[in-house]
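Chains here go by letter, A, B, C and D, matching the order in which they are written, and residues are numbered from 1 within each.
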Amino acid sequence: MAGSSIGNIFKITTWGESHGKALGVVVDGCPAGLKLSEEDIQTYMDRRRPGQSAMSTPRNEEDKIEILSGVFEGKTTGAPISMLVYNKTQRSADYSEIASYYRPGHADYTFDEKYGFRDYRGGGRSSGRETLSRVAGGAVAAIALKEMGIDFTTYVKSVGPIEIDPDRFDKAEIAKNPLFMPDKEAAKKAEEYVLDMRKKTDSVGGVVECVVSGLPTGIGDPVFEKLSANLAKSICSIGAVKAFEMGDGVAVSKTVGSENNDPFVADGGEVKKQTNHSGGMLGGISDGSNLIMRAHFKPTPSIAKVQQTVNKSGEDIEVSIKGRHDPIVVARAAVVVECMAAITIFDGLLSNMSARMDRVKDFYR
Amino acid sequence: MAGSSIGNIFKITTWGESHGKALGVVVDGCPAGLKLSEEDIQTYMDRRRPGQSAMSTPRNEEDKIEILSGVFEGKTTGAPISMLVYNKTQRSADYSEIASYYRPGHADYTFDEKYGFRDYRGGGRSSGRETLSRVAGGAVAAIALKEMGIDFTTYVKSVGPIEIDPDRFDKAEIAKNPLFMPDKEAAKKAEEYVLDMRKKTDSVGGVVECVVSGLPTGIGDPVFEKLSANLAKSICSIGAVKAFEMGDGVAVSKTVGSENNDPFVADGGEVKKQTNHSGGMLGGISDGSNLIMRAHFKPTPSIAKVQQTVNKSGEDIEVSIKGRHDPIVVARAAVVVECMAAITIFDGLLSNMSARMDRVKDFYR
Amino acid sequence: MAGSSIGNIFKITTWGESHGKALGVVVDGCPAGLKLSEEDIQTYMDRRRPGQSAMSTPRNEEDKIEILSGVFEGKTTGAPISMLVYNKTQRSADYSEIASYYRPGHADYTFDEKYGFRDYRGGGRSSGRETLSRVAGGAVAAIALKEMGIDFTTYVKSVGPIEIDPDRFDKAEIAKNPLFMPDKEAAKKAEEYVLDMRKKTDSVGGVVECVVSGLPTGIGDPVFEKLSANLAKSICSIGAVKAFEMGDGVAVSKTVGSENNDPFVADGGEVKKQTNHSGGMLGGISDGSNLIMRAHFKPTPSIAKVQQTVNKSGEDIEVSIKGRHDPIVVARAAVVVECMAAITIFDGLLSNMSARMDRVKDFYR
Amino acid sequence: MAGSSIGNIFKITTWGESHGKALGVVVDGCPAGLKLSEEDIQTYMDRRRPGQSAMSTPRNEEDKIEILSGVFEGKTTGAPISMLVYNKTQRSADYSEIASYYRPGHADYTFDEKYGFRDYRGGGRSSGRETLSRVAGGAVAAIALKEMGIDFTTYVKSVGPIEIDPDRFDKAEIAKNPLFMPDKEAAKKAEEYVLDMRKKTDSVGGVVECVVSGLPTGIGDPVFEKLSANLAKSICSIGAVKAFEMGDGVAVSKTVGSENNDPFVADGGEVKKQTNHSGGMLGGISDGSNLIMRAHFKPTPSIAKVQQTVNKSGEDIEVSIKGRHDPIVVARAAVVVECMAAITIFDGLLSNMSARMDRVKDFYR
């Protein structure tokens, strides 16, 4: 199945393997006339770049994005925007051994069963490196949204058992620590925790939270194309995500209606919500308040700790995954969550333009 | 946007409003030759039928499904299967008042903002009654999967603060209590809790869990068409769902890799997983073990308790929602979760047939 | 494959068999606020109604369209519009014999090979009666376009060897003759020709031409979603169409560039084309002049004349198709061509709204 | 709108402008395990390469295709196949003048109107050079089909007024003359005609015919996803195509049913058609006989002959298009037609695998 595209009107198609020649993305359906440069995209790429601290793999990949089409004289033309990054540090030797067995927590086994064989170099298509293409594509959406006054605040909410304290929330702090946490104290504790686990040859899970402000009311459609449903898909399509929450999320199942409903209030003529348990959507449609969502990431499956598995000859073996792996996914994944959300939101925003006949007629008048 | 369809190869399109003439579904892409009757579908419809206990609305809707096309001499023909239910007990009078204000927790406000006006009768298109069409369409997928040895066990895992006890898990119990809980004791406590909250003019949230057995390895595609991502979308497209989990779900963020990874073991030549933290998917592709997923439902937003809101003249008012409402969504929603999952899984299963060139060639030999 | 839907933003899904309980359509993605009634749709339905003259089958089908959803207080709501027609005169007996053999020129054989069996009653899903659903769905698009000043002139250009004379073209004449020809004289000759062929137990082909005026410049996208390509698909999806032309069509292959290119001229500040060989599209995008397209229909395959074929036991046999069949397809097909074109054009028009960033920003300002 | 992709299960997404850095394609949904190399693709690329004779532009583009992903150890992996060609001979200077006016017969005007501005270098996205990506992507489909015994014979049937003589049809001749005509004599005359027209600073139209043998019965779906409808779209999406025919095409409108219907005959147990007026499809589904289709191409719009047009200041001007242009499109377009047909057919073939429940069950047994 053709499964490498996402979005209806604004659509990205990603390609490339961890250790192939290059990875890239084609962005189709971007409106013409958006100012866009390689530097604009690179800002987003750099947020997922590894090798910046002990919180991530020591591979020092440059991941310089190159735009090959769709931009002319500094603006998008309406034609597809093709972007790529050539792979440079392909130490394939590191991975040759894993061709012979199935790494626990990885897609090695399911790929072999599905396709008959696999590109075993560094996880191939199911590598976390595939998210590079998502970030390049999603950056275009995020840049377009920013021009419309729609902003993202994305951060790591928890690392293993260490959570941020809402009272200490400091947006400025996010960019200052390698774990992108908006709480200096929690970030420090979390770093120590990650280092400790790494020393124990283990890895750590965490939660990314993404808040979107400035979104107009009316984005998303009833039934299957709910903004919430599409966000759920785009976020859960990120490799290590095992749960997705909107607004109060899992907590809603333990509450009662009178507490969970957000009362409306008349605020100088405008309709506002007094609280935001719903996370900015009602009936799957944006309600004018902040969108709030969370993605729960599992610990990096590649660990040096000895694990039980099976080789391709069907024998039980013990393995210790070598190579340069992130001890935690969430730090570099925050920007991936943001970019996937941006794709879905921008697509929904463009879709919404044809919702009302009076506006269609105005448009063509 | 055309947002009333879901699925690629096996696709359903739903239509109808809570208080319109009828609601229905068109199932397109169902393979020819599947035995199918109105009775088969009705079995699923009856699981979401209201009026069966104090756990649901006293509206006694019959919801008799009628097949209008696509079935000939007891078998599907490959043509679209059109099904509908005519609305009978349309007490629209009950709803006339709500035309003038925005019910908290409902889509009234977002519909008005998006479309300029709304069919205010009973929630119109965003009514829970829309799920009737999902169940009719999803039943076709579930019936096809059953023929292939793929079975669903779907139940209510928790109601407000009351959870089932895994030690008391009894599958046979599910169909015996009005809350569809697989634990007699928990079901009893939960019923009392719901009745108590109802008396307090409030409503209750809960969690539905769905387990799928017998699924072949290899279903789902890498990247955006992961089985997990598509399940997230189809489940989160159900009105009151605010969170979605696969396998260990939100718990993964607090664990470490060595505990979360499922070790592989050679089991008489076959590769098996020793544990199933992943919930039956690796890299978004089914791994041969049971699929496990959970949907977190918010409490029914319609409550008789007095709430703060705004009317269409922009004035702050207090309202008490009248009408016959379920005090809890999860009981009737369990079959909806199952049917949405069935659509996604059957679609993925059909998609997977073209994954390997050798099998394509075999097919046409 | 799910093949019963067409359109991206404005989408119709058809269902139903010639001799099933009913046929219908679900229109999804229609903007909210369009005035729409059953009478509006019926006007289009009546143009394909049989039994009105010797030019069509003597079956007197009423084909009364019923709207079941998506319209509230006389306006579309943005929700899917479900419409159906119940079959009344199902003389299945007429067709029981054809279950045993393959009618030449029909899809009997290919259906059996594809699906393993078929609903043999009157052609089932591949019956011309399926176009009823297309007309009901397309009428919605045509009505919306009309509100925007976009008009269709659709007529029969030729019947067998008899063509209209451009010098005698009279738009008012179209509705006055049973063959919908805009040339009184040609219509008379064509009627005689059809009657003659009918007497000879044979059937006749013909050409439908459709001209669209008032279309804004800019509709259609480069590459695969060209307006021309989408019209080609939607028109060629009509059962008996074997060729599709835009503008000068097949004649272009015999001409030279200096004659085929339409020169541009400055017409009071506006850019106009001096001629319209291109049929209103340049690079697949509408250019502000009239859209012109033609569909070539084969003769009705069902004829009483004796034909050679094979029965299901694999024996050569001779057959004479009984039943009430149109001696010519084009008369009733003209409105089908118009409705399919309307779907494609309205869809393209809605798609085009997101083509430019400055207009997207204006829309949300 | 995202309009740069075509296909459902087997899908290609093209990108790139005539004078940008590169052009390319992403092929998604190709089954794993297909043997594929850059050389295999290059064979197809070379058939559309210019500079080989006076029949095409003297630009000597190498158009060396490079595979960047999706192929591992000589076989497709099931992951997207990204391919590109870097532009080398970008003589943009040739085109700078045309930025100021609208070339007749080109998409300059419609692009400006749709997008607000355009990449004017050599036609940008609407250049014939875009078909390079289609050929690279379609070659993958054609190679897969060839492995299954499905073969294409594609040739130029007519050039301006010069047609091939069916009695002189010689398949071996196709590759031997620069116009790809299967009739040596006609090819010679056609060459002279083209040279003559070129001398007169004009250009020439023509017809490409494509015959597909070995296709199994049952490919294509009823209603909108007819094989015929999808071929119509994919072929009519090629820039200069103005008409599309299947089987007897436009001739069917002048014939009668008893002549146009193909009689079935029992041929040693198998059902065969005695004639093939239908061009290999019945009801839009392949019927086991050869697929036959024709594309009518307009003359190259870029001519040196003086033409009337309008500049961007809205003034009437006279222009003579300079640059290195093909005097005729069809020669290089034959392989484009073949590749677009291959995409559609292979996609239909993969789609058909899920048509029957018994085969679905067999597949998973």
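Just so it is clear, contacts are C-beta pairs under 8 Å (C-beta built on N, C-alpha and C of every residue); 3 or more make two chains touch, one makes a residue touch a chain.
None of these values were measured; they are calculated from a predicted model.
Participant: More C-beta pairs touching across which pair, A-B or A-D?
Facilitator: A-B
Participant: Farthest chain from chain C, going by the mean of C-alpha atoms per chain?
Facilitator: The most remote chain is A.
Participant: Distance-wise, how many Å sit between the C-alpha centres of chain A and chain D, to the nearest whole number?
Facilitator: 38
Participant: Using the average of all C-alpha atoms in each chain as its centre, how far is it in Å between chain A and chain B?
Facilitator: Each chain reduced to its C-alpha mean, chain A and chain B end up 26 Å apart.
Participant: Note the residues in chain B that touch 2 or more other chains, in rising order.
Facilitator: Residues 1, 3-5, 8-10, 14, 29, 32-33, 78-79, 114-116, 125, 222, 351, 354-356, 358 of chain B touch two or more partner chains.
Participant: In the complex, go through chain A and note every residue touching chain B.
Facilitator: Where chain A meets chain B, its residues are 1, 3-6, 8, 14, 102, 104-107, 109-111, 113-116, 125-126, 130, 158, 160-161, 197, 202-207, 217-218, 221-226, 228-237, 239, 241-250, 252-258, 260-266, 269, 271, 274, 278-279, 281-288, 296-303, 305, 307-310, 314-316, 351-352, 354-356, 358.
Participant: Could you please specify the touching residues of chain D with respect to chain A in the complex?
Facilitator: Touching chain A: residues 1-5, 7-11, 13-17, 20-24, 26, 28-29, 32-33, 68-70, 72, 75, 77-82, 84, 114-119, 124-125 of chain D.
Participant: Quick one: in the complex, what on chain C touches chain A?
Facilitator: These residues of chain C touch chain A: 8-10, 29, 31-34, 76, 78-79, 144, 147-148, 216, 222, 349-351, 353-361, 363-364.
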